[in-house]
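Heads up, the next two complexes both have chain A, just with different partners, chain B and then chain C.
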Partner chain A sequence: MRNVIDKYKRELVVLLATLGMAVFFTILNPAFFTWRTFLTVLQQMVLNGILAVGMMFAIITGGIDLSIGCTFAITGIGVATLTVNGVNPFLAILFGLAIGVVLGIFNGFLVTYLKLQPFIATLGTMSLYRGIAYVWTGGQPVTNVPDTFRNIFNGKMFAGIRFYVLVMIIVFVIAHIILSKTRTGDYLYAVGGNEEAAKLSGVNTRKVKFIAYTICSVCAAVAGLVMLASLGSAESTAGAGYETNAIAAAAIGGTRMAGGRGTALGTFIGALMLAVLKVGMVVINVDSFWQYVVTGIIIIVASYFEFIRQDIAAFMARKKA
Partner chain B sequence: MKRKVVALLVAATMAMSLAACGGSTGAASSEPAQETEETAEGEAEAEAPADDAEATEATGEFNPDSDPSAMTIEEVREKNGAEVAVENGIKLGAVQKSISNEFWRTLQSGYEKAAETVKAAGIEYEVTIDSTTDEGDETGQQTMVQNQTNQGLAAIMASPISDSNLTQAVEEAQEAGIPVINVNDGLIAIADYYVGPNAYQNGQLAAEWISNKLGDQGQVGIVIGMAKAFAARERTAGFEDWITENNSGLEVVAKQNADWDRQKAKELASTWITQYPDMKAIFCNNDDMALGVVEAVEEAEADILVVGVDGIGEAYDSIRAGKLDATVDSFPYYMAQVATECTLRVLAGQEMPHVVATPQALIDSENVDKDAAEIIGWTDAAYVAK
Partner chain C sequence: MAKAVEFVKINKRFPGAHVLKDISFSVEEGEVHALLGENGAGKSTLLNILHGVYPEYEGDVLLHGKKVVFRDPNQAIVEGKISKVHQETLVVKDLTVGQNVTLGYEPKKGLLIDFGKMHREVNAILEELNCTFKSETLVATLTSGQMQMLAIARALYHHSTIISLDEPTASLTFREVDALFEVIRKLKKNGVTVLYVSHRLEEIFQICDRASILRDGQYITSLNIKETTHEELIHAMVGRDVAAVASRLRPSPQTDEVVLKVENLTGLDDKFRNINFELHKGEILGFYGLVGAGRTEIMRGIFGADRLMGGTVTIHGKKIPASWNTTKALREGGIGLIPEDRKTQGFLNLSTNAENVAISSLEKYMTGIFTDEKKKIKNAERYFEEMDVHPRRVDYLTVNMSGGNQQKVILARWMSTEADIIIFDEPTKGVDVAAKAEIYRLMEDMVAEGKSLIVVSSELPEVMGISDRIIVMHEGDITANLTDKNDFVEDTLLKYAIGGNQDA
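Presenting the complex of A and B:
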């Protein structure tokens, strides 16, 4: 038990802070503490949660992926075009995931073979992919996506919970398994922690990074599918700016920006916190301008605690030595 | 070390976009037509002195919505006579933005239609239309105006990306003796003339329609677009002021920003529906957001009226399908024709008001299939060779 608490200390702290927030909102407006509000929070964390867990993989290797919002848009457009033209929805989903794989591999190629800084490489693909989305559609939205596709994600399971919530949970569970139960997971952390050391000990760092960027893009594609199901239409402009919220969720959840650390559970709680914050501020009717201010402060505070924690750890280590 | 720099960069980008401009990228794209309308309408102005002051401050002393001398094109035709004398072989320029957006594509086809009308009168006429791909290319747009200035066109009709990005280019054009007509927003404070719809009136029309449908009773919410946009402020103000001034029984219980983003608007509406079970109507600053809200309303199976602004094709489809309840259309196709006519009147030496308000109308299930020209009572301009 002790071990578990130690291992997930960071996650626990963020979870407690999130619960504290929920209590705060409930005190200000008891309407916050209802099943329907909880459901709203759960559903509104889905897109950001899926994007964030993918982003976490890129960050763990010491990188970043700014292009996810555009991958998200392209997937939406591609799958919408297929389903509107009568393609089987499951085939269309496979196609959507394939888009994620291809765009992710391209990001991986830029970062590994061309040795571009991930920030710059994906800044480039961010514009490139957005451009593709514009060219593909000529700026026109793709509308009237059939219900056969929409219901796969948007249908209700029980108690009003929609299938896409389940999709998010599956994504997180898979991410958790990859990171904590597989050798690939160890390699991901190793590459992010100390790339040279990882290389010297025989890790194929290129392959590991390819995997990270591909997972990241596939997650963006999954989020694109959910968005398409939820809105019933796709636009070339969708997802602009979504990468920042994904980074925020990962960072709040304890993912180290320099790489080498981060957990699926932490990112889940990070996304949960942002959703609670977003819904809570609407429920207590905070002016929308102030919502930006508050969100910004929360991110800064959360990151600051992360730094302090590192300082303390370093101090203790020195003392021991 | 390198890594730390990157981490820092990331943190900075993130903080920036989250803290202030969460929508800046989104804005560019997802705000097709909406950020576009500001206008002139004496009537609106008289009714809204407070809003006036506010908007004036924000847009550098110029608020077309509250220009007392503003006229409609019908009023102009009445005052100056229906006929417009056009010099043979005249060449105009038009610079617009965001061709990835339906609103601006429609505006472009309006300029082309106007050209046909002029040519049909046996006049040699040419219009050069330049457009940026999205709302991010502010300097590219400036270059377009400079190019047109260098080509020696007779006048330039410009729809800038921001209130300031064309200022320098417009000054240069004016120094070269080329009049600049500001069409729709952003606002060019130094432009010689302004032609565009009245955003304040958008909000009023929506409020009036909702009030009629609900028997002037009930809770309403407003989904606003990015607040830096003049149109967002004016539409919201027009809506709220209408309620106050008419002592309406409508009550605005919630008002939040959704960055012109469909998904964000949907999520916002879902939260409201949970929180305000008695909410009866939601007014959105544009159609994109309204279409997102419609999805939330459908999912919740709630009985809520949804009204947007812009009149994009998808909104018409949605109204036909019985989902969206109404939109306020500012008819970019006719806006461009009005702009062309006004420009040619200026060149013909006619005395023109500083602001000309272009037609707009509320579209609901009753008039959605009606011809736009009929709704606004449109007649083509009467051009004659000089």
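Presenting the complex of A and C:
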């Protein structure tokens, strides 16, 4: 038990902070403490959660993927176009995931074979993919997506929970298993921790990075599917700026921005915290402009907290000695 | 003679560790004083106290008879006139030598830096040090030996009367070492006191007057170098007798079977060309040469870490394909490489010992399709026991272990794989005497099991003591292939290393 607490210390701290926030909102407005609000929080975190867990894979290898918002948009457009034209919804979903794979592999190619800085490479594909989305649709939204597709994600399971919440949880569980239970997970951490050392240990660092960027893009595609199902239409402007929230959730959850560290659980809690904050501020009627200010402060404080925690730990150790 | 440095009952504690225990000894003015001990004995901690890196400790430090307390290293340099030349010299590569030497204390003309005065003053110091580079030279163009000189120049710029050198020769060519020793002698003549930390005992005998020895955080003794022997020093450092030089304790199991054949190998940027050699099963093949001879680059090429420009490599009778990489080298070729720089190339710095040992052989620690933490730990524990790693904690981060033990972690990594051709690049760099002897013993174990080793080393005693055969390189070419142990003589090896040809 102690080991588990030790291992997930950071996650625990963020979780406690999130609970503290929930208590704070409940005191200001008891309406926050309801099943409905809880559902809203869950639904609010789905898109960012799925995007963030993918982003985490890129960050763990020491990189980043700025293009996820655009991958998200292209997937929506592609799948919407197919379903509107009567293609089987499950086939359309496979196509959507394939878009994610292809765009992710292209990002991986730029980062590994062309040795571009991930920030610059995906800054490029961010514009490139967005451009493809515009060209594809001529800037027009694709509407009237059939319910047969929408119900797959948007339908309700029980107690008002929609299927896409389950999709998000499945994504997180798979991510957790990959990171903590497979060789690929060990290699991902190794590449992020010290790429040269990983390479000289016989790790195929190129392949590992390809996997990371592909997972990242596929997550973006999944989020795109969820978005399409809940809105019923796709736009080429969708997902703009989503990459920043995804980075924030991963960072709050303890993902090391230089690579080598990060867990699915942490990112989940990070996304949860941002969702609680967002919904809570609406419940207590914070002006929407101020919401940005508060969110920014919380991101900074949550990230800085890691340093404070280390200082406190060092201080306690000194006192003991 | 007056005392330059006096330590009085120094104690230093870190959370959970008492690293210095009642250290008391003194250093005379104008002597070259060696500070010796194994990795983790407390030498670095003591130096850090002396130079103001750790302002908190118990006991007193006296400089020239006066008690001093420094807040930080800068105060030590400016007010205490005491400077440290680091193992890895810290420089700003994009500035000139003069700017680096005077960094933070540049001569000013009003608000602006007086570059004329800066370069005049620094050039005077560089001349004094017999340096060939100028104050106006860009630091990025300097060799590591020259950077060491830069650091000494910085100490002289601040009129230091006491200078510590921490492993100064670790990455120097032997000519640079000679130049450094010349400078040390000159400093001594000018009355500067030098504290000298090194694992290379030959150097201690060449340059030092006295040596103080630490073991497990305790002061053991101070010895006059002229009146002592290698054996006595080592005994004081380790607390028991250890072979002073690399040597083979068992007969060589080498056979005629060729496991690795290299033909006409040429590397990127002409770092090496037309390299031909063979490695036999059970053999320890030494690769000697000066820093920059191209040995590391050849090994990286064979291991798939760098691209090769031409030639063929044949492993167990099979030619390696063009798509060779480290993963294939390990899985298909059975080759392992223990790199020169542990910190940046060896271990994963965010990972525990168990993970660092396991990373190259993960397929061994599976339960079904999932990796199993417990199996990794069990495997690492077995090697830690076998190799006597201290502390015997597989859950510790490797980055926090001492140099010799880090090296054992990386050795355990390759011993956990199926690799049967192991390439060691400077295997005992920064490793203390006792751990060195253990690493040599492990090498013998490996060849006894039928593995074949290549040992790249710039340390003559090591390469002469451990090898069955020695290949000597000079600036990218092989200049000698010595099979007769009678040829394993320092002068001979040096002659080939500086370009003399075997056939000539």
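Just so it is clear, the second predicted complex is superposed on the first by the 306 of 321 C-alpha atoms of A that agree within 3 Å, B and C clash if a C-alpha of one lies under 4 Å from a C-alpha of the other, contacts with A are read in each partner's own complex, and residues count from 1 in each chain.
We take it that contacts are C-beta pairs under 8 Å (C-beta built on N, C-alpha and C of every residue); 3 or more make two chains touch, one makes a residue touch a chain.
Quick caveat: nothing in here was measured; it's all calculated off a predicted structure.
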Quick check on the chain A-based superposition: chain B and chain C, clash or fit? fit
Identify the partner contact of A:Lys199: answer first if only chain B is touched, second if only chain C is, both if each is, neither if none is. second
Pick one for A:Gly124: touches chain B only (first), chain C only (second), both, or neither. neither
Which partner chains sit in contact with A:Ile300 here, chain B, chain C, both or neither? Use first/second/both/neither. first
First (chain B), second (chain C), both or neither touched by A:Ala238: first
Counting residues of chain A in contact, which comes out ahead: chain B or chain C? B
Which partner does A:Pro141 reach: the first (chain B), the second (chain C), both, or neither? first
Apex chain A: angle to the C-alpha centres of chain B and chain C, given in degrees as a multiple of 10: 130
If you stack the two complexes on chain A, which partner ends up touching A:Thr37: first (chain B), second (chain C), both, or neither? first
Per-pair minimum CA distance [chain C against chain B, superposed on A] in Å: 12
Intersection of chain A residues contacting chain B with those contacting chain C? none
Write out the stretch or stretches of chain A touching chain B in their complex. 31, 34, 36-37, 39-40, 43-44, 47, 62, 64, 69, 117-119, 134, 138-141, 143-144, 154, 227, 230-233, 235-238, 240-241, 244-245, 247-248, 251, 257-259, 278-279, 282-283, 285, 288-289, 291-293, 295-296, 299-300, 303
Considering only the defined contacts, which chain A positions touch chain C in the complex? 177, 181-183, 185-187, 189-190, 192-194, 196-204, 206-207, 256, 260-261, 314, 317-318, 320-321
Which positions of chain C touch chain A when the two form their complex? 13-16, 303, 305, 325-327, 329-331, 336-337, 339, 344-351, 355, 358-360, 362-363, 369-371, 413, 417
Per the touch rule, the chain B residues reaching chain A in their complex are 2-4, 6-7, 9-11, 13-15, 17-20, 22-26, 28-30, 99-102, 105, 133-134, 224, 227, 254-257, 259, 261-263, 266-268, 270-272, 274-275, 288, 291-292, 295, 299, 314, 317
